[in-house]
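Chain IDs A, B, C, D, E and F follow the sequence of writing; residue 1 opens each chain.
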Amino acid sequence: MANTDVWLESLITKTPQEGRALAILMSRKTIAAIQTDPEKRKQMRPDYAEDTVQLIQSAQVVAIEFQTVAQANNYWRDAK
Amino acid sequence: MANTDVWLESLITKTPQEGRALAILMSRKTIAAIQTDPEKRKQMRPDYAEDTVQLIQSAQVVAIEFQTVAQANNYWRDAK
Amino acid sequence: MANTDVWLESLITKTPQEGRALAILMSRKTIAAIQTDPEKRKQMRPDYAEDTVQLIQSAQVVAIEFQTVAQANNYWRDAK
Amino acid sequence: MANTDVWLESLITKTPQEGRALAILMSRKTIAAIQTDPEKRKQMRPDYAEDTVQLIQSAQVVAIEFQTVAQANNYWRDAK
Amino acid sequence: MANTDVWLESLITKTPQEGRALAILMSRKTIAAIQTDPEKRKQMRPDYAEDTVQLIQSAQVVAIEFQTVAQANNYWRDAK
Amino acid sequence: MANTDVWLESLITKTPQEGRALAILMSRKTIAAIQTDPEKRKQMRPDYAEDTVQLIQSAQVVAIEFQTVAQANNYWRDAK
(Lines give C-alpha, C1' and ligand atoms only; values in the text may rest on other atoms or scores of the structure.)
Protein backbone atom coordinates (compact mmCIF):
# COMPACT_ATOMS: atom_id res chain seq x y z
CA MET A 1 0.00 0.00 0.00
CA ALA A 2 1.70 3.14 -1.16
CA ASN A 3 1.23 5.92 1.35
CA THR A 4 0.17 8.15 -1.48
CA ASP A 5 -2.90 6.05 -2.19
CA VAL A 6 -5.52 7.64 0.07
CA TRP A 7 -8.40 5.21 0.11
CA LEU A 8 -9.84 5.91 3.56
CA GLU A 9 -10.91 9.51 3.88
CA SER A 10 -13.65 8.84 6.37
CA LEU A 11 -15.43 6.05 8.22
CA ILE A 12 -18.77 7.77 7.68
CA THR A 13 -21.11 6.23 5.11
CA LYS A 14 -24.62 7.14 4.13
CA THR A 15 -26.16 3.70 4.64
CA PRO A 16 -25.43 0.48 6.54
CA GLN A 17 -24.91 -1.31 3.27
CA GLU A 18 -22.27 1.19 2.23
CA GLY A 19 -20.74 0.51 5.61
CA ARG A 20 -20.54 -3.19 4.73
CA ALA A 21 -18.80 -2.34 1.48
CA LEU A 22 -16.32 -0.18 3.37
CA ALA A 23 -15.64 -3.00 5.86
CA ILE A 24 -14.87 -5.36 2.98
CA LEU A 25 -12.62 -2.75 1.38
CA MET A 26 -10.77 -2.27 4.67
CA SER A 27 -10.09 -6.01 4.93
CA ARG A 28 -8.81 -6.15 1.37
CA LYS A 29 -6.58 -3.13 1.81
CA THR A 30 -4.86 -4.73 4.79
CA ILE A 31 -4.06 -7.80 2.75
CA ALA A 32 -2.79 -5.57 -0.05
CA ALA A 33 -0.61 -3.79 2.49
CA ILE A 34 1.05 -7.06 3.46
CA GLN A 35 1.13 -8.78 0.08
CA THR A 36 2.00 -5.82 -2.09
CA ASP A 37 2.27 -7.68 -5.38
CA PRO A 38 -1.12 -7.40 -7.16
CA GLU A 39 -0.26 -10.28 -9.46
CA LYS A 40 0.32 -12.60 -6.53
CA ARG A 41 -2.89 -11.49 -4.87
CA LYS A 42 -4.77 -12.33 -8.05
CA GLN A 43 -3.22 -15.78 -8.19
CA MET A 44 -4.15 -16.39 -4.58
CA ARG A 45 -7.80 -15.58 -5.05
CA PRO A 46 -8.97 -19.15 -5.76
CA ASP A 47 -7.13 -20.26 -2.59
CA TYR A 48 -9.57 -18.53 -0.32
CA ALA A 49 -12.65 -18.04 -2.50
CA GLU A 50 -13.05 -21.77 -2.87
CA ASP A 51 -12.09 -22.83 0.62
CA THR A 52 -14.88 -22.54 3.15
CA VAL A 53 -12.49 -22.29 6.10
CA GLN A 54 -10.89 -19.21 4.60
CA LEU A 55 -14.22 -17.76 3.54
CA ILE A 56 -15.45 -18.01 7.11
CA GLN A 57 -12.26 -16.42 8.44
CA SER A 58 -12.59 -13.63 5.90
CA ALA A 59 -16.15 -13.08 7.06
CA GLN A 60 -14.79 -12.72 10.57
CA VAL A 61 -12.40 -9.98 9.55
CA VAL A 62 -15.21 -8.13 7.81
CA ALA A 63 -17.44 -8.50 10.89
CA ILE A 64 -14.75 -6.92 13.06
CA GLU A 65 -14.13 -4.06 10.64
CA PHE A 66 -17.87 -3.49 10.39
CA GLN A 67 -18.13 -3.12 14.16
CA THR A 68 -15.84 -0.12 13.86
CA VAL A 69 -17.65 1.36 10.87
CA ALA A 70 -21.08 0.87 12.47
CA GLN A 71 -19.99 2.53 15.71
CA ALA A 72 -18.46 5.44 13.78
CA ASN A 73 -21.82 5.93 12.10
CA ASN A 74 -23.81 5.61 15.31
CA TYR A 75 -25.36 2.54 13.75
CA TRP A 76 -27.12 4.75 11.19
CA ARG A 77 -29.90 5.08 13.78
CA ASP A 78 -31.06 8.38 12.36
CA ALA A 79 -30.96 7.15 8.79
CA LYS A 80 -34.24 5.37 9.02
CA MET B 1 -22.48 -8.94 -4.34
CA ALA B 2 -23.90 -6.57 -6.88
CA ASN B 3 -24.09 -3.06 -5.49
CA THR B 4 -27.65 -2.88 -6.71
CA ASP B 5 -28.76 -5.59 -4.30
CA VAL B 6 -29.72 -3.59 -1.21
CA TRP B 7 -30.12 -6.15 1.54
CA LEU B 8 -29.15 -4.06 4.56
CA GLU B 9 -31.44 -1.09 4.94
CA SER B 10 -31.13 -0.87 8.70
CA LEU B 11 -29.55 -2.57 11.70
CA ILE B 12 -32.72 -2.05 13.71
CA THR B 13 -34.90 -5.09 14.35
CA LYS B 14 -38.05 -5.50 16.39
CA THR B 15 -36.82 -8.39 18.55
CA PRO B 16 -33.53 -9.97 19.66
CA GLN B 17 -34.36 -13.06 17.68
CA GLU B 18 -34.79 -11.01 14.52
CA GLY B 19 -31.41 -9.56 15.40
CA ARG B 20 -29.94 -13.08 15.41
CA ALA B 21 -31.41 -13.71 11.98
CA LEU B 22 -29.90 -10.47 10.72
CA ALA B 23 -26.49 -11.42 12.14
CA ILE B 24 -26.64 -14.73 10.28
CA LEU B 25 -27.68 -12.94 7.09
CA MET B 26 -24.79 -10.51 7.45
CA SER B 27 -22.29 -13.38 7.74
CA ARG B 28 -23.72 -15.09 4.69
CA LYS B 29 -23.72 -11.93 2.62
CA THR B 30 -20.02 -11.42 3.27
CA ILE B 31 -19.26 -14.89 2.01
CA ALA B 32 -21.43 -14.23 -1.03
CA ALA B 33 -19.49 -11.02 -1.62
CA ILE B 34 -16.21 -12.96 -1.76
CA GLN B 35 -17.41 -16.14 -3.49
CA THR B 36 -19.81 -14.61 -5.96
CA ASP B 37 -20.76 -17.82 -7.75
CA PRO B 38 -23.99 -19.12 -6.14
CA GLU B 39 -23.46 -22.56 -7.64
CA LYS B 40 -20.08 -22.89 -5.97
CA ARG B 41 -21.46 -21.69 -2.66
CA LYS B 42 -24.13 -24.38 -2.86
CA GLN B 43 -21.53 -27.06 -3.56
CA MET B 44 -19.48 -25.88 -0.61
CA ARG B 45 -22.32 -26.12 1.86
CA PRO B 46 -21.58 -29.69 3.04
CA ASP B 47 -17.97 -28.65 3.61
CA TYR B 48 -18.84 -26.49 6.55
CA ALA B 49 -22.25 -27.77 7.65
CA GLU B 50 -20.79 -31.15 8.44
CA ASP B 51 -17.49 -30.05 9.90
CA THR B 52 -17.68 -29.03 13.53
CA VAL B 53 -14.56 -26.86 13.30
CA GLN B 54 -16.16 -24.76 10.62
CA LEU B 55 -19.52 -24.70 12.36
CA ILE B 56 -17.84 -23.30 15.46
CA GLN B 57 -15.97 -20.71 13.41
CA SER B 58 -19.20 -19.72 11.69
CA ALA B 59 -20.83 -19.33 15.08
CA GLN B 60 -18.01 -16.99 16.00
CA VAL B 61 -18.67 -14.75 13.01
CA VAL B 62 -22.36 -14.62 13.88
CA ALA B 63 -21.53 -13.77 17.50
CA ILE B 64 -19.41 -10.83 16.34
CA GLU B 65 -22.06 -9.56 13.92
CA PHE B 66 -24.68 -9.91 16.64
CA GLN B 67 -22.64 -7.70 18.97
CA THR B 68 -23.05 -4.93 16.43
CA VAL B 69 -26.74 -5.55 15.86
CA ALA B 70 -27.48 -5.77 19.59
CA GLN B 71 -25.67 -2.53 20.30
CA ALA B 72 -27.49 -0.79 17.44
CA ASN B 73 -30.76 -1.86 19.04
CA ASN B 74 -29.73 -0.85 22.53
CA TYR B 75 -30.03 -4.51 23.42
CA TRP B 76 -33.81 -4.31 22.93
CA ARG B 77 -33.96 -3.20 26.56
CA ASP B 78 -37.24 -1.39 26.05
CA ALA B 79 -38.78 -4.23 24.10
CA LYS B 80 -39.61 -6.27 27.14
CA MET C 1 -33.84 -23.08 12.89
CA ALA C 2 -37.46 -22.63 12.02
CA ASN C 3 -38.47 -18.99 12.25
CA THR C 4 -41.41 -20.04 14.33
CA ASP C 5 -39.19 -21.25 17.15
CA VAL C 6 -38.82 -18.16 19.30
CA TRP C 7 -36.00 -18.97 21.69
CA LEU C 8 -34.60 -15.47 22.29
CA GLU C 9 -37.23 -13.21 23.79
CA SER C 10 -34.80 -11.04 25.67
CA LEU C 11 -31.11 -10.62 26.48
CA ILE C 12 -31.96 -9.74 30.07
CA THR C 13 -31.25 -12.36 32.71
CA LYS C 14 -31.58 -12.24 36.46
CA THR C 15 -28.02 -13.31 37.29
CA PRO C 16 -24.60 -13.45 35.62
CA GLN C 17 -24.75 -17.21 35.69
CA GLU C 18 -28.04 -17.21 33.81
CA GLY C 19 -26.27 -14.91 31.38
CA ARG C 20 -23.60 -17.57 30.87
CA ALA C 21 -26.28 -20.15 30.16
CA LEU C 22 -27.87 -17.80 27.62
CA ALA C 23 -24.50 -17.24 25.93
CA ILE C 24 -24.05 -20.99 25.56
CA LEU C 25 -27.59 -21.33 24.21
CA MET C 26 -26.93 -18.57 21.67
CA SER C 27 -23.82 -20.37 20.40
CA ARG C 28 -25.69 -23.64 20.07
CA LYS C 29 -28.62 -22.06 18.28
CA THR C 30 -26.32 -20.61 15.64
CA ILE C 31 -24.88 -24.01 14.93
CA ALA C 32 -28.39 -25.43 14.76
CA ALA C 33 -29.28 -22.70 12.30
CA ILE C 34 -26.47 -23.77 9.97
CA GLN C 35 -26.61 -27.54 10.49
CA THR C 36 -30.36 -27.98 10.68
CA ASP C 37 -30.38 -31.76 10.97
CA PRO C 38 -30.58 -32.63 14.71
CA GLU C 39 -29.44 -36.19 14.04
CA LYS C 40 -26.25 -34.96 12.40
CA ARG C 41 -25.60 -32.52 15.21
CA LYS C 42 -25.88 -35.37 17.69
CA GLN C 43 -23.43 -37.50 15.71
CA MET C 44 -20.98 -34.60 15.59
CA ARG C 45 -20.96 -34.06 19.32
CA PRO C 46 -17.95 -36.32 20.08
CA ASP C 47 -16.03 -34.47 17.35
CA TYR C 48 -15.80 -31.30 19.38
CA ALA C 49 -16.45 -32.45 22.95
CA GLU C 50 -13.34 -34.62 22.85
CA ASP C 51 -11.08 -32.34 20.90
CA THR C 52 -9.43 -29.65 22.97
CA VAL C 53 -8.88 -27.36 19.97
CA GLN C 54 -12.59 -27.29 19.29
CA LEU C 55 -13.47 -26.96 22.95
CA ILE C 56 -11.27 -23.89 23.18
CA GLN C 57 -12.80 -22.41 20.05
CA SER C 58 -16.27 -23.08 21.41
CA ALA C 59 -15.28 -21.30 24.59
CA GLN C 60 -14.28 -18.36 22.47
CA VAL C 61 -17.69 -18.14 20.85
CA VAL C 62 -19.36 -18.27 24.26
CA ALA C 63 -17.03 -15.54 25.54
CA ILE C 64 -18.04 -13.27 22.66
CA GLU C 65 -21.76 -13.94 23.11
CA PHE C 66 -21.39 -13.33 26.83
CA GLN C 67 -19.87 -9.90 26.17
CA THR C 68 -23.14 -8.95 24.51
CA VAL C 69 -25.33 -10.47 27.22
CA ALA C 70 -23.30 -8.86 30.00
CA GLN C 71 -23.46 -5.44 28.41
CA ALA C 72 -27.22 -5.80 27.87
CA ASN C 73 -27.56 -6.47 31.57
CA ASN C 74 -25.30 -3.64 32.62
CA TYR C 75 -23.01 -6.31 34.03
CA TRP C 76 -25.63 -7.09 36.70
CA ARG C 77 -23.98 -4.32 38.73
CA ASP C 78 -27.13 -3.66 40.70
CA ALA C 79 -27.76 -7.34 41.34
CA LYS C 80 -25.26 -7.56 44.11
CA MET D 1 -22.19 -27.95 34.31
CA ALA D 2 -25.04 -28.72 36.62
CA ASN D 3 -27.43 -25.81 36.87
CA THR D 4 -27.29 -26.14 40.60
CA ASP D 5 -23.61 -25.26 40.71
CA VAL D 6 -23.66 -21.47 41.12
CA TRP D 7 -20.12 -20.38 40.40
CA LEU D 8 -20.73 -16.89 39.01
CA GLU D 9 -22.49 -14.73 41.53
CA SER D 10 -21.01 -11.50 40.30
CA LEU D 11 -18.57 -10.04 37.78
CA ILE D 12 -17.27 -7.61 40.37
CA THR D 13 -13.84 -8.32 41.83
CA LYS D 14 -11.73 -6.35 44.23
CA THR D 15 -8.58 -6.17 42.11
CA PRO D 16 -7.57 -6.52 38.45
CA GLN D 17 -5.67 -9.66 39.29
CA GLU D 18 -8.78 -11.22 40.81
CA GLY D 19 -10.46 -10.22 37.57
CA ARG D 20 -7.87 -12.22 35.65
CA ALA D 21 -8.54 -15.24 37.83
CA LEU D 22 -12.27 -14.87 37.18
CA ALA D 23 -11.66 -14.65 33.43
CA ILE D 24 -9.70 -17.89 33.55
CA LEU D 25 -12.43 -19.52 35.62
CA MET D 26 -15.08 -18.40 33.12
CA SER D 27 -13.13 -19.98 30.25
CA ARG D 28 -12.75 -23.23 32.15
CA LYS D 29 -16.39 -23.37 33.12
CA THR D 30 -17.47 -23.10 29.50
CA ILE D 31 -15.32 -26.04 28.57
CA ALA D 32 -16.73 -27.97 31.52
CA ALA D 33 -20.21 -27.12 30.29
CA ILE D 34 -19.48 -28.70 26.90
CA GLN D 35 -17.29 -31.60 28.01
CA THR D 36 -19.13 -32.58 31.16
CA ASP D 37 -17.01 -35.60 32.04
CA PRO D 38 -14.32 -34.43 34.53
CA GLU D 39 -12.26 -37.54 33.90
CA LYS D 40 -12.07 -36.78 30.19
CA ARG D 41 -11.18 -33.17 30.85
CA LYS D 42 -8.30 -34.32 33.04
CA GLN D 43 -7.04 -36.66 30.35
CA MET D 44 -7.18 -33.86 27.81
CA ARG D 45 -5.10 -31.49 29.86
CA PRO D 46 -1.70 -32.42 28.32
CA ASP D 47 -3.26 -31.92 24.87
CA TYR D 48 -3.49 -28.19 25.29
CA ALA D 49 -1.03 -27.43 28.09
CA GLU D 50 1.84 -28.71 25.98
CA ASP D 51 0.75 -27.40 22.62
CA THR D 52 1.62 -23.76 22.02
CA VAL D 53 -1.12 -23.31 19.43
CA GLN D 54 -3.74 -24.28 21.96
CA LEU D 55 -2.12 -22.28 24.72
CA ILE D 56 -2.29 -19.18 22.56
CA GLN D 57 -5.90 -19.85 21.68
CA SER D 58 -6.71 -20.35 25.35
CA ALA D 59 -5.05 -17.04 26.10
CA GLN D 60 -7.34 -15.47 23.52
CA VAL D 61 -10.45 -16.77 25.26
CA VAL D 62 -9.21 -15.42 28.57
CA ALA D 63 -8.45 -12.05 26.98
CA ILE D 64 -12.02 -11.82 25.69
CA GLU D 65 -13.54 -12.83 29.02
CA PHE D 66 -11.31 -10.34 30.78
CA GLN D 67 -12.61 -7.53 28.57
CA THR D 68 -16.04 -8.19 30.02
CA VAL D 69 -14.83 -8.46 33.60
CA ALA D 70 -12.71 -5.32 33.32
CA GLN D 71 -15.58 -3.30 31.89
CA ALA D 72 -17.92 -4.58 34.62
CA ASN D 73 -15.43 -3.29 37.16
CA ASN D 74 -14.91 0.03 35.45
CA TYR D 75 -11.33 -1.06 34.95
CA TRP D 76 -10.77 -0.82 38.71
CA ARG D 77 -9.97 2.84 38.11
CA ASP D 78 -10.90 3.82 41.64
CA ALA D 79 -9.01 0.93 43.19
CA LYS D 80 -5.67 2.61 42.87
CA MET E 1 11.43 -4.88 21.37
CA ALA E 2 13.92 -2.92 23.36
CA ASN E 3 12.20 -0.82 25.97
CA THR E 4 14.23 2.11 24.81
CA ASP E 5 12.63 2.06 21.38
CA VAL E 6 9.60 4.32 21.85
CA TRP E 7 7.47 3.77 18.80
CA LEU E 8 4.03 4.45 20.27
CA GLU E 9 3.83 7.97 21.63
CA SER E 10 0.13 8.37 21.01
CA LEU E 11 -2.89 6.61 19.53
CA ILE E 12 -4.07 9.86 18.00
CA THR E 13 -3.68 10.25 14.24
CA LYS E 14 -4.76 13.00 11.91
CA THR E 15 -6.71 10.84 9.48
CA PRO E 16 -8.41 7.41 9.39
CA GLN E 17 -5.84 6.24 6.90
CA GLU E 18 -3.00 7.17 9.24
CA GLY E 19 -4.93 5.17 11.81
CA ARG E 20 -4.80 2.15 9.53
CA ALA E 21 -1.06 2.55 9.16
CA LEU E 22 -0.72 2.74 12.93
CA ALA E 23 -2.81 -0.43 13.35
CA ILE E 24 -0.52 -2.27 10.96
CA LEU E 25 2.53 -0.95 12.79
CA MET E 26 1.09 -2.11 16.12
CA SER E 27 0.59 -5.64 14.78
CA ARG E 28 4.13 -5.76 13.44
CA LYS E 29 5.64 -4.45 16.64
CA THR E 30 3.98 -7.23 18.63
CA ILE E 31 5.49 -9.84 16.38
CA ALA E 32 8.86 -8.12 16.69
CA ALA E 33 8.44 -8.20 20.47
CA ILE E 34 8.04 -11.99 20.40
CA GLN E 35 10.45 -12.85 17.60
CA THR E 36 13.21 -10.41 18.40
CA ASP E 37 15.64 -11.53 15.71
CA PRO E 38 15.14 -9.22 12.68
CA GLU E 39 16.93 -11.66 10.41
CA LYS E 40 14.51 -14.43 11.29
CA ARG E 41 11.53 -12.14 10.80
CA LYS E 42 12.81 -11.30 7.32
CA GLN E 43 13.19 -14.97 6.44
CA MET E 44 9.66 -15.65 7.64
CA ARG E 45 8.08 -13.00 5.50
CA PRO E 46 7.28 -15.26 2.50
CA ASP E 47 5.64 -17.71 4.93
CA TYR E 48 2.75 -15.41 5.60
CA ALA E 49 2.79 -13.02 2.66
CA GLU E 50 2.16 -15.87 0.26
CA ASP E 51 -0.26 -17.89 2.35
CA THR E 52 -3.83 -16.66 2.22
CA VAL E 53 -4.73 -18.22 5.56
CA GLN E 54 -2.05 -16.20 7.27
CA LEU E 55 -2.86 -13.07 5.32
CA ILE E 56 -6.46 -13.31 6.50
CA GLN E 57 -5.37 -13.86 10.08
CA SER E 58 -3.03 -10.89 9.85
CA ALA E 59 -5.92 -8.81 8.56
CA GLN E 60 -7.85 -9.85 11.63
CA VAL E 61 -5.15 -8.60 13.97
CA VAL E 62 -5.05 -5.28 12.14
CA ALA E 63 -8.85 -5.02 12.33
CA ILE E 64 -8.73 -5.47 16.10
CA GLU E 65 -5.92 -2.95 16.55
CA PHE E 66 -7.78 -0.50 14.34
CA GLN E 67 -10.87 -0.74 16.57
CA THR E 68 -8.74 0.63 19.38
CA VAL E 69 -7.15 3.35 17.27
CA ALA E 70 -10.49 4.41 15.79
CA GLN E 71 -12.12 4.66 19.20
CA ALA E 72 -9.16 6.65 20.54
CA ASN E 73 -9.69 9.11 17.71
CA ASN E 74 -13.45 9.28 18.15
CA TYR E 75 -13.68 7.80 14.69
CA TRP E 76 -12.27 11.03 13.24
CA ARG E 77 -15.87 12.26 13.18
CA ASP E 78 -14.81 15.89 13.33
CA ALA E 79 -12.20 15.44 10.63
CA LYS E 80 -14.71 15.61 7.84
CA MET F 1 0.22 -18.93 38.52
CA ALA F 2 0.50 -18.86 42.26
CA ASN F 3 -2.17 -16.64 43.77
CA THR F 4 0.50 -15.03 45.85
CA ASP F 5 2.25 -13.61 42.79
CA VAL F 6 0.55 -10.24 42.36
CA TRP F 7 1.61 -9.04 38.94
CA LEU F 8 -1.43 -6.95 37.99
CA GLU F 9 -1.97 -4.16 40.44
CA SER F 10 -3.55 -1.80 37.97
CA LEU F 11 -4.46 -1.44 34.32
CA ILE F 12 -3.32 2.18 34.35
CA THR F 13 -0.05 2.97 32.60
CA LYS F 14 1.68 6.26 31.97
CA THR F 15 2.07 5.89 28.22
CA PRO F 16 0.52 3.91 25.34
CA GLN F 17 3.77 2.06 24.90
CA GLU F 18 3.74 0.95 28.52
CA GLY F 19 0.20 -0.19 27.79
CA ARG F 20 1.52 -2.37 24.98
CA ALA F 21 4.07 -3.89 27.32
CA LEU F 22 1.31 -4.61 29.84
CA ALA F 23 -0.83 -6.26 27.13
CA ILE F 24 2.06 -8.54 26.23
CA LEU F 25 2.62 -9.34 29.90
CA MET F 26 -1.06 -10.18 30.34
CA SER F 27 -0.94 -12.62 27.42
CA ARG F 28 2.15 -14.30 28.82
CA LYS F 29 0.74 -14.58 32.30
CA THR F 30 -2.32 -16.42 31.00
CA ILE F 31 -0.13 -18.96 29.29
CA ALA F 32 1.89 -19.31 32.47
CA ALA F 33 -1.35 -19.88 34.38
CA ILE F 34 -2.24 -22.81 32.13
CA GLN F 35 1.25 -24.26 31.57
CA THR F 36 2.65 -23.79 35.03
CA ASP F 37 6.00 -25.48 34.41
CA PRO F 38 8.52 -22.72 33.53
CA GLU F 39 10.93 -25.26 32.08
CA LYS F 40 8.31 -26.50 29.63
CA ARG F 41 7.38 -22.97 28.66
CA LYS F 42 11.03 -22.27 27.88
CA GLN F 43 11.28 -25.38 25.72
CA MET F 44 8.16 -24.37 23.84
CA ARG F 45 9.42 -20.94 22.95
CA PRO F 46 10.92 -21.87 19.54
CA ASP F 47 7.58 -23.52 18.66
CA TYR F 48 5.78 -20.24 18.41
CA ALA F 49 8.58 -17.71 17.95
CA GLU F 50 9.59 -19.34 14.69
CA ASP F 51 6.16 -20.17 13.36
CA THR F 52 4.42 -17.28 11.65
CA VAL F 53 0.96 -18.74 12.23
CA GLN F 54 1.53 -18.73 15.96
CA LEU F 55 3.19 -15.34 15.91
CA ILE F 56 0.12 -13.89 14.21
CA GLN F 57 -2.18 -15.57 16.70
CA SER F 58 -0.11 -14.25 19.57
CA ALA F 59 -0.37 -10.79 18.07
CA GLN F 60 -4.13 -11.22 18.09
CA VAL F 61 -4.18 -11.99 21.80
CA VAL F 62 -2.05 -8.94 22.51
CA ALA F 63 -4.36 -6.79 20.37
CA ILE F 64 -7.36 -7.92 22.41
CA GLU F 65 -5.62 -7.34 25.73
CA PHE F 66 -4.50 -3.93 24.53
CA GLN F 67 -8.10 -2.95 23.77
CA THR F 68 -8.83 -3.41 27.45
CA VAL F 69 -5.74 -1.56 28.62
CA ALA F 70 -6.30 1.32 26.21
CA GLN F 71 -9.91 1.74 27.29
CA ALA F 72 -8.89 1.64 30.96
CA ASN F 73 -6.50 4.48 30.23
CA ASN F 74 -9.00 6.48 28.22
CA TYR F 75 -6.67 5.99 25.29
CA TRP F 76 -4.10 8.23 27.01
CA ARG F 77 -5.90 11.12 25.34
CA ASP F 78 -4.73 13.60 27.97
CA ALA F 79 -1.16 12.35 27.85
CA LYS F 80 -0.34 14.25 24.71
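Assume contacts are C-beta pairs under 8 Å (C-beta built on N, C-alpha and C of every residue); 3 or more make two chains touch, one makes a residue touch a chain.
A quick note: this is a predicted structure, and the numbers were derived from the prediction, not measured.
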| item | value |
| --- | --- |
| If a chain touches chain C and chain F alike, it appears here | D |
| Relative to chain C, chain with the most remote C-alpha centre | E |
| Most widely separated chain from chain F, with each centre as the mean of CA atoms | B |
| Centroid spacing, where centroids are CA-atom means, of chain D and chain E in whole angstrom | 28 |
| Chain centre separation in whole Å, for chain F relative to chain B (CA means) | 32 |
| Geometric centre distance via CA averages, chain F-chain E, whole Å | 16 |
| Residues of chain B whose C-beta touches two or more other chains | 48, 53, 57-58, 60, 64, 67, 71 |
| Category of the chain touch graph - line, ring, star, complete, other | ring |
| Cyclic chain order when read starting with chain D and heading to chain F | D, F, E, A, B, C |
| Chain A - residues contacting chain B, complex | 15-17, 20-21, 24, 48-50, 52-53, 55-60, 62-64, 66-67, 70-71, 75-77, 79-80 |
| Chain F residues touching chain D - in the complex, by the definition given at the top | 3, 6-12, 26-27, 29-31, 33-35, 40, 44, 47-48, 53-54, 57-58, 60-61, 64-65, 67-68, 71-72 |
